[in-house]
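In the two complexes below, chain A is the common chain; its partner is chain B in one and chain C in the other.
Right, the complex of A and B next:
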């Protein structure tokens, strides 16, 4: 009985101990971890490295919360307790600030935060003229992005982290108030709230160096230092490209001409995982998709047509036109739409640069009363004038259509470089300065295009006001679709197809607010909202990580320009008829649960700069984009209380003294061992 | 091997061969030789073979110093110029450090 009750008693104690005990490790009690993904990282081109890197084991600094420029000046002047990491509002991230922080020698990193009361009027860290190395001559005489600071292209010697979470920011601020924000003269005598930013970049110097080192054969521990930027281009044709049966025909195309309607797929910003891209590129993408959708419905009954239309979306245009340069390269190398493969019975005819009759590019198209067509130098022909006249006629109801004077930085630049006789234009809401004050930045979000989601159905779009971005995009796509219709069918459109406002509303919702929107459900790309951050974004990313957003946009284009076919039961394409790709997708936006087999002309081509394919490419030639992204192990941020210098010295002194004392002790024990440990005399180890 | 349990001519034999083998670009053998036989050469009571051992120890020591100078000079030259030499430096490296030019 006694034993039984004592066992029960011990059990009770044990269970209580287990339940009440705190299993948190000391390490975790010391540190407050933040999501460190939104850090600035390093990119490289043929000659430079840009972006940021921390020290190898992270850069640590004492937190100094800054609200005004004076706060920053104060700490640069009076800070006495070692390296600092100022927590600055986005407004203060300016070239002057970076320069003064660099020169002060007191700063080991920066944390930026968004102050809702002080949204900057302009915020663009892109260059004044994007892609200066890859534009045709004189393009950069105009400061297109006139507020651009160019910090994106600076080599910053310390890490930059963007805290975009109110809760985390409050923790940082509270810790600063409690431990740091008083008697600055004596800061060095006490424990201070500190933050460690770890964003150590593996690659340095430039792309040729890091590619060479990644492929080094003598390296005993092969490491990949960098990956080329790139992804996939998306393209589709309005009418199926006609198969050719004889092999020769494939090489000498059947004199078919093509009008290209193009835009780009990517943006960038100072920090990783924050690429909203509302004006650039989302307005262009949505306008293109809406135009494709309308055109497809307009030409439904048509059999006879002149030129075909190709819809193209290029990846990596922010980084020296990776996608369009590759497209031009493919066309020049007889590899577009696909390489000639003797095994394919019905190959697609090759499309070359001189098969392009008109190139229409959609750039930033947020709301503006004026719409500009910026034509290429060789657009002074009657067909082009005629086409622009059509655009002008169809724009009268909503915008003043005007001609720009010069070709802005755009994908069209790559095509003009390939064929200087190309007729084409860039359609945008600016003439020589971007209207977008937040070009390629974290503020280019849904408020920048004045977007609001209305969640309408096909029959009820009356809620959407006339001055909304949805209407504006619909008007542009109608203008484009009617003009293009006339261009390819050679008559005025008399039908009553209209742009679908609910589709435009939904597309903006997909790209700006909710990745799990109806369109993505319709194309059977579900749970995109849960994908890892680096594989779903408007940043081009690296070729080794597929960008799911590019695939989603491609499938959306396929869905909008495809036909429902009942004959193909399995919905699988025939490899011998490469013109068609088949996908099971929802019937319509209002009928997501009924899936049909769609036959589409949509396809992907690789968007990797030719610089990384050509075996003996001369990096100095600057002919192709050479951008690569450094690899890194971790992007982490943690906050902790750093003991004062005196405390740290005391700790190490105690440790050292203990160590030396123990050595002395061991020496004495060993030298007196014959006294301390009695051993039997004359005893050899074997006989004991 | 325990030198105390070895005969003197055996010690001489060992010391001589360590010295000779060092010529095969093995400076560490000379370093080991000069340290290992230091007591035998200089701190033990005289015996017949000691003079020769002393000779080998001294020569091994000189060889070690020359090698050390050569290696240290090379390491300094290489580390200072690694970034500047570019491709050549990478080709002769077995380990390329992360995040350094």
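Right, the complex of A and C next:
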């Protein structure tokens, strides 16, 4: 007992010693760690790998800080001390640069930084025609994204890291000035400031290869090399879809038609964790949410309606229309809105492609004097003409409404592929070239849509100027809501519901600036700002990691289109009436603390490409999106001083010489010890 | 520090003690036991030093305070192992093969326990540095110079050798009741330890040169104490 307690006492003391001792270690003095998340990584499709990867243990190179193209040429010509990692401004990230760096053989990675004095006029590494493999014919005759360099779709043989932090950039620059930036001829003789980029990607070649390797039966401890891209689609209906009483009715007897108002949820960029996506997709999402909100208020009193309206937000559209392809697949397979479940008494009627009367898609909708409707080929019917006429009438106050010539790359492409007779249009602010010069890039941020947060209340929105993005979005949503109202109710709207500017202001704030905004508080999704980057972003991500932003947007749609119900105390849905979902959410933006039970028609459906579900899918067919994302262990970046070869040789020489000399000396002393030391027989210690 | 530097530093710090171990200790199990026992006593002194440092909260930041007491604790434990070894002599006689040499020549016990003290203290002072240092970098980014590792290794070697010599002198002085030599050992240990405080100013030559001067001086003293003389040195060289 005594021993036990004393051991415990010592253990306690030791643990305290470890915890309380000041943990300044030598390592901390040697390395400067940066947040390495903003690294370029690898994606794969059925035939290629794109993106970047470092070497297995990280790629190391000597820092060379570049301001102009000449600096880069200089180091490529004169660099003599091994591999370099140039720190280049974003402007220099061009296909030519990548090519020359690739060919030089002296480069082991790139770090890019944002030079505020030199913001590029246009910056898009997406292809000139996004999603070329999944569009209908002739779509790619037009260079939609005319400034696109396509680097995003290159296989870059070295890692790329983005420093988005002034402080870190200054550290790198100072280190470069102190150790590297003088007498370049003798660089190899001294210790140099270096940087290590560790972003090793486990997958290679293409998705089928990676899946085959991941499923390898010979491996006892299976390793996953890649995950399919995907997430969740969000949908809601304006009027609740009436559930049917008999199962047969669900499959056949539904002569209800639907108007779909859709947009997409995702963007991409060169580096991980930097997906601002202001014009694409945020303008579209906010316009859709504002329209849904206004429509819901407009039809409050209506009982009779013609077509129902479905709001749909698709995930993964940037990567070959993952979400919309899956939606079309589900509709074809009788699985939308949900599979017929024998246990459910009142299933929802199935919705098929034929049931879509009009498909309206919202694409990039940043401020422009002109608004374009790009219709599908089979929109030449009287109903579509009529609908477009309505749009035109309601747009007169703020924009010239014009007809585009061709269907741009959009979710509608997937639906047209499924049903070529579909009438629909893509509403956007461009005709054949994107106005957005920063399409799918790190510069597509709040300045690109000219957004400023006004933090207004419902009663006082006068601060918001008429030429702001908030007003522009409000105008479009009013135009859409009024036209759609006429389309489903069959009469002109005479009420006085208006788009809510404070809501639009708040929504932009949520998606562009502050994830902890009022709307997210209202839908009881607090502290989204603290979630890790990859689970809250406008990048589609992988299906194994839920994207919290998709859920937040879905709940927002549910909140805006839902009804407050007083009777349902527990606020839990009835599994036999799957049409409704219940959530506790705040009453309104100005009254966040009072929660009510909302009955919504909002639902999520899986947005995983059918290519990953079909057991014998032919990858070569290109029918469905085949994008997957490589797995990685970690993304880290650290800066340090790399010793010169001369110093290393000096150290090992001194060590080895000392070791060998001491062996000889000790052996000598040992063998002569009887002579060297007079033994005590002859001499007592005292006399020595 | 790179792998090359890692081996350079390890060879420098632990090469000489390794040679001493191979040629003078390894053949006799009793010597190995004594070596380990001595290392254990040094560890106990480390534990006590750290407890003391831990308890005296207001002076935690003062390196010199902990250092002075650590030196004193080490010397106390050197005295304890001396006492124990002298007590254990009779027992040792029974189990060792060449008892005559080990017991007759008291300096061997002193040398072995001193080396035990030295090796463990060298290991503890260098292992933290070396363990942190496996990687592509060297010192000098935020503070320090690239000479940091090699000077750390050299200092460790210095302390390993000093502990060996100090033990020889210390044991002998206690045998003969020579208080001046005991005081000399303690004070030189203190002096050498305080000298390393200069390392924070990164003038490594200011530390290393005096340190090695003291090593050579102590070595000569220990040599004389152990029964060597200039004449015997000359004789041994001539015989070759």
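One rule holds for everything that comes next: the second predicted complex is superposed on the first by the 622 of 688 C-alpha atoms of A that agree within 3 Å, B and C clash if a C-alpha of one lies under 4 Å from a C-alpha of the other, contacts with A are read in each partner's own complex, and residues count from 1 in each chain.
Just so we're on the same page, a contact is a pair of C-beta atoms (placed from the backbone, for glycine too) under 8 Å apart; a residue touches a chain by one contact, two chains touch by 3 or more.
Model, not experiment: these values are computed from the prediction.
K.L.:
If we overlay the two complexes on their shared chain A, which of chain B and chain C does A:466 touch? Say first, second, both or neither.
P.N.:
Touch partners of A:466: none, neither chain B nor chain C.
K.L.:
Is A:53 in contact with chain B, with chain C, with both, or with neither (first, second, both, neither)?
P.N.:
A:53: touches chain B, not chain C.
K.L.:
Identify the partner contact of A:31: answer first if only chain B is touched, second if only chain C is, both if each is, neither if none is.
P.N.:
In the superposed model, A:31 contacts chain C only, not chain B.
K.L.:
Thinking of the overlay built on chain A, is A:223 touched by chain B (first), by chain C (second), by both, or by neither?
P.N.:
first
K.L.:
On chain A, which partner's contacts cover more residues, chain B's or chain C's?
P.N.:
Here the partner covering more residues of chain A is C.
K.L.:
Contact-wise, after the overlay, does A:213 reach chain B, chain C, both or neither (first, second, both, neither)?
P.N.:
In the superposition, A:213 touches chain B alone.
K.L.:
Touching chain A in the complex: which residues of chain B?
P.N.:
That would be residues 83, 86-87, 90-96, 98-101 of chain B.
K.L.:
Taking the complex as given, what residues does chain C use to touch chain A?
P.N.:
Residues in contact with chain A: 1-2, 4-5, 7-12, 15-16, 18-20, 22-24, 50-51, 54, 104-107, 128-129, 132-133, 135-144, 146, 149-150, 153, 157, 172, 175-176, 223-229, 232-233, 235-236, 239.
K.L.:
Using the touch definition from the top, list the residues of chain A that touch chain C in their complex.
P.N.:
Where chain A meets chain C, its residues are 13, 16-17, 20, 25-27, 29-32, 60, 175, 191, 193-194, 196, 639-643, 647-656, 658-660, 662-663, 665-667, 670, 672, 675-681, 683, 685-686, 688.
K.L.:
State the interface residues of chain A toward chain B in the complex, per the touch definition above.
P.N.:
For chain A paired with chain B, touching residues are 53, 56, 200-205, 209, 212-213, 216, 218-221, 223, 225.
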